[in-house]
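Quick heads-up: structures coming right below.
Two complexes come next, and they have one chain in common, subunit A, joined by subunit B in the first and subunit C in the second.
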Partner chain A sequence: MLLDVKNLNLKFQTSKGVIHAIRDLSFSIKQGETLGIVGESGCGKSITNLALMGLLPDTADLSAEKLEFEGKQLLKLKEKQWQKIRGADIAMIFQDPMTALNPCFTVGYQIEETLELHRKDLSKEERKEFVFELLDQVGIPAPRERAKSYAHELSGGMSQRVMIAQAIACNPKLLIADEPTTALDVTIQDQILKLLKDIQAKNNMAMILVTHDLGVVAENADRIQVMYAGEVIESGTSKEVIHAPKHPYTRGLLDSLPGSGDTSFRAHLSSISGMVPDLRFRPSGCQFNPRCFKSKEECTSSRPMLNQEDHQVSCFFPMSEG
Partner chain B sequence: MENNIEEKIDHPLVEFWQQFSKNKGAIFGLIIIVLFTLIALLAPLLSPYGPTSIDPEYLRIPPSFSEGGSFKYIFGTDDVGRDLLSRLIYGAQISMLIGFFVVIISCGIGTILGLFSGYYGGWVDRVIMRMIDILMAFPSILLAIVVVSVMGPGISNAIIAVAIVAIPGFTRIVRASVLAEKKKQYVMASKTFGASSLRIMFFEILPNCMAPLIVQASLGFSDGILNAAALGFLGLGAQAPTPEWGIMLADARPFIESSPWMVTLPGICILLAVLGFNLLGDGLRDALDPRLKR
Partner chain C sequence: MILEVENLKKHYPITKSFKESALVKALDGVSFKVTKQKTLGIVGESGCGKSTLAKALMALEERTDGSIKIENKEVTSLSKSDFKSAIQMIFQDPYSSLNPRKKAWQLISEPLLINSKLSKKVCFDKACELMEKVGLRPEMAQRYPHMFSGGQRQRLGIARALALHPKILICDEPVSALDVSIQAQVLNLLMELQDEMGLTYLFISHDLHVVKHISDDILVMYLGKIVEYGPREKVFDSPLHPYTKALIASSPSISQDKDEHEPISGELPSPLNPPTGCAFHKRCPIATDRCAVDTPALEIKDGRSVACFEV
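Moving on, here comes the complex of A and B:
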């Protein structure tokens, strides 16, 4: 296992009370594998990523039974050790590439900076050459000229390519892609995802693909993990989760895709009624029960746990096949 | 090929110059400053006499362009027969040096304090900002006088005193920009690439805070010159034979009615230098601000 997480809990102390943002999160990821994480805004996807990078704010209280990366206990790392891992072993790309690049420097310089931090074996000239190579690798035409541009001179797609170049500069073993295509238009989305897949295959890199676009994960992830209110509620291979969802929430997400139900012109999209619960006032029992069409008494009285099958689900009344 | 690309992309400096050169006042300020800087650098070549050489034959000779003036001393002489023009030229050298060192010291310390305060927040922020508040609670010239009277008068002590007075401005400006910048995603991105806190502060955030800092530095230059001249005038800055504008003003005070040029000319020099830097500062602010909004 490259990354092994077991019963990760994350709490925030706020003036209005304790927010239990992530509850008993367990997952693992193998080398070269793509894990898709899906869920609504505020379900804890992004904060999980930050926890994996050791970049939680000071107010966060993180505990886990196990949080291992390549056998290293991440929870015990000191800041200096973290800095060696970040960028070198685990890298991250962001939702909005335009703001993730420093406006003051040329993009070439920014990629070079990452190399300077982690590849001390390269000389200045070698680093420069390597930057051009990386830009070429992520499909940027005329890399030598482009390296001299600033972030505001590049389009969104180009910026994301630069971010990817920066992220893969040190050949990380795990790439966390936090909604890498949300800010891009559809044609560019496809190119970027293809690029990520190519790089992944070439470097045998594991990838966590966070998104709320089910289409994207369905095509690109090996396994999918559905999160709701800081918990994993369903996890399985992409095929299983997309074609035979077991949790009513996953079912609801899939149903709310355009074209999944009534396909007549201007038909109403189906949606899941209600809202994500306020994490300060979690409902008792199953977190999804106030919005669930299958909700029974048992759902409010006790909390379902992920079962231990290959296709995991935490529901008392999972959807039957089909 | 190479040139082609260079032309297409407007370098930020080019863009800045286009904005800046539209502002006539700023250009005027820049010209004044360049002139003063040249005069300061070339002082030994430009001045006809030494700054302290005395000609007992010519005491309080008015400037050549007024009645009774002599072409030997274009701006006239002072009460002990020193050439006013030479003294003013050397005075430019001293004032520019004072301004320069004041800005270097106060900007350096102020920026570092502001960076730490803004970036770390919490108790670091509270301690630093309360210290700054204490500094700001005193009227600036009074504080400078206190510092000089503790350390003793002299030009280097005057520089330190004036620099201390100028620190709060820099700290507050840098802190405010850091607070805004540190929330941006590029900061988080560089963290994920393994950058250390110091690196992020000085190499990622600081360059993005440069615009207001440059403006403050150019205004700080004029404040520095003005405060140092005031200290000199009070006898707490540079000491007597030094051709400093503030001292020249103070020395000429008894003769303000009989030989008004002795007061007027150093006064005009101070005015021009301060005006030049203020105009430049305003121009920089106007030229740099739209970039901030973008």
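Moving on, here comes the complex of A and C:
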């Protein structure tokens, strides 16, 4: 196991009460594998990533039974120790490439910065050469000239390529891609996803692909885990989750996509009634029960746990096959 | 025909001191027609002129050339209030398109207060009625926008657009900022309102699945020009233009029977310096020498119009 997380809990103390943002999150990821994490806004996708990168704000209260990367405990690391891992072993691509790059420095310098920190064995000239090589690898034409550009001179797709070059500079073992293509057009999204796939295959890198777009994970992830209100509610291979979902929430999400089940013109789209719960006032029992069409008494009184099969689901009354 | 647009052009002059002035052709000769109670879906990537088209139709941007006719009347001949009750718009971002200092009923009734001589009391009642219509409880009328969720805010935006009983509603990416489950609710609402009030929609979106679901006709744009325009079944099920094909292939889908494909190369060219000939030729897999020289015109082929030499 490259990354092994067991019963991760994340709480925030706020003036309006305690927010239990992540509750008993367990998952693992193997070398070379792509794990897709899907869920609606506010389900805890992004904060999970920040926890894995050691980028949580000071107000966060993180606890876990296990949070191991290559057998190394990440839980109680000091900032200095994090700096050695971050960017070198675990790297991240952020959602909005236009704002994630520093507007004051050339993109070449920003990539070099990562190398300067983690590749002490390279001389200044070697680093420069390596930057050009990286830019070339991510498909940027005329890398020598482009390295001198500033972020505002590049298009969204190009900026995202620079972000990827920055992330893969030190050949990380795990790449976290947080909505890497949400801000991009479909044809550019297609190019970027293909690029990520190629790099992943070449470097045998593991990838966490976080997105709200079910189509993107269906096409790109090996395994998918669905999150709701800070919990994993379903996890399995992408085929299982997309084509034979067991949790009513996953089913509901898939059905509400236009062009899924009933593709006839102007057909009424099924939707999930209600809204995501306020994490300060979580419902008792299953978090999804107020919106679930299958909800029974048991669902409000006790909390379902992920079962231990290959295709995991946390539901008392999972959907039957098909 | 409720809406007829002919040869619509919007050019922005770019003037910089000491530099040659340039011309950005955001819209370059766009023509289409929409029948009453039908939906025209407009797709294309960012920078292709979708939003400029919406603004030009709403007269938020003065058009450079071309004619817009609503029910066979040129819009310039309509009075201001007639024009406003003919065409209204829903905006993309429900977070920035509502004034945070106004209450829900004030937001909804603002078009009424401006365009009619109704008293405040009547306006309030009308606002409550509209809220009910879009699926919001009238008790919420005294709330401010921040007290609503994203989906509810978009409903407020819809209620506001409906206040003057428009015939045509321009929806500029109305569901892009919403989560999937909420997106379905808003799309359902739009479809119900269309049947109930006989509305005509111009539906702008980059999400092909959404457009395919609710549009009768589809208009595909690339760099200010129409590349393919025709009925939904034709454009989606048997696309002819290589750009339409690429868009459909690259749109992520959950269906099992999607084929493997190669992404098309390159990016949208700069509108300041568009390529000669067909604007798509540099990214096109089937481009020939002719495409770099001549600009293809829209021609009718197999039940739809398409602008390409090679089909």
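Methods note: the second predicted complex is superposed on the first by the 317 of 322 C-alpha atoms of A that agree within 3 Å, B and C clash if a C-alpha of one lies under 4 Å from a C-alpha of the other, contacts with A are read in each partner's own complex, and residues count from 1 in each chain.
Note that in this section a residue touches a chain if its C-beta (ideal position, glycine included) is under 8 Å from a C-beta of that chain, and two chains touch if they have at least 3 such contacts.
Everything quoted here is computed from the prediction, not taken from an experiment.
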item	value
Joint occupancy of subunit A by subunit B and subunit C, clash or fit	fit
Contacts of A:H212 with subunit B and subunit C, given as first, second, both or neither	second
First (subunit B), second (subunit C), both or neither touched by A:A51	neither
Touching partner for A:L154 - first (subunit B), second (subunit C), both, neither	neither
Partner chain(s) touched by A:K84 [first = subunit B, second = subunit C, both, neither]	first
Once both complexes are placed on the shared chain, angle at subunit A toward subunit B and subunit C, C-alpha, multiple of 10 degrees	80
First, second, both or neither for A:V131, with subunit B first and subunit C second	neither
Which superposed partner A:Q189 touches (first subunit B, second subunit C, both, neither)	second
Partner chain(s) touched by A:V313 [first = subunit B, second = subunit C, both, neither]	neither
Lowest inter-chain C-alpha distance for subunit C and subunit B in the superposed arrangement, angstrom	8
Residues of subunit B that touch subunit A when the two form their complex	2, 5, 9, 12, 122, 184-186, 188-196, 203-204, 207-208, 210, 294
Subunit B-touching residues of subunit A, taken from the complex the two chains share	53, 55, 58, 82-88, 90-92, 94, 96, 99-105, 113-114, 117-118, 142, 145, 148-150, 152-153, 163, 166-167
Footprint of subunit A on subunit C - complex, ascending	45-46, 149, 151, 179-185, 187-188, 191, 206-210, 212-214, 232, 246-247, 249-256, 258, 263-265, 267-268
Subunit A residues touching subunit C - in the complex, by the definition given at the top	40-41, 155, 157-158, 185-191, 194, 212-216, 218-219, 242-243, 252-254, 256-260, 263, 265-272, 275
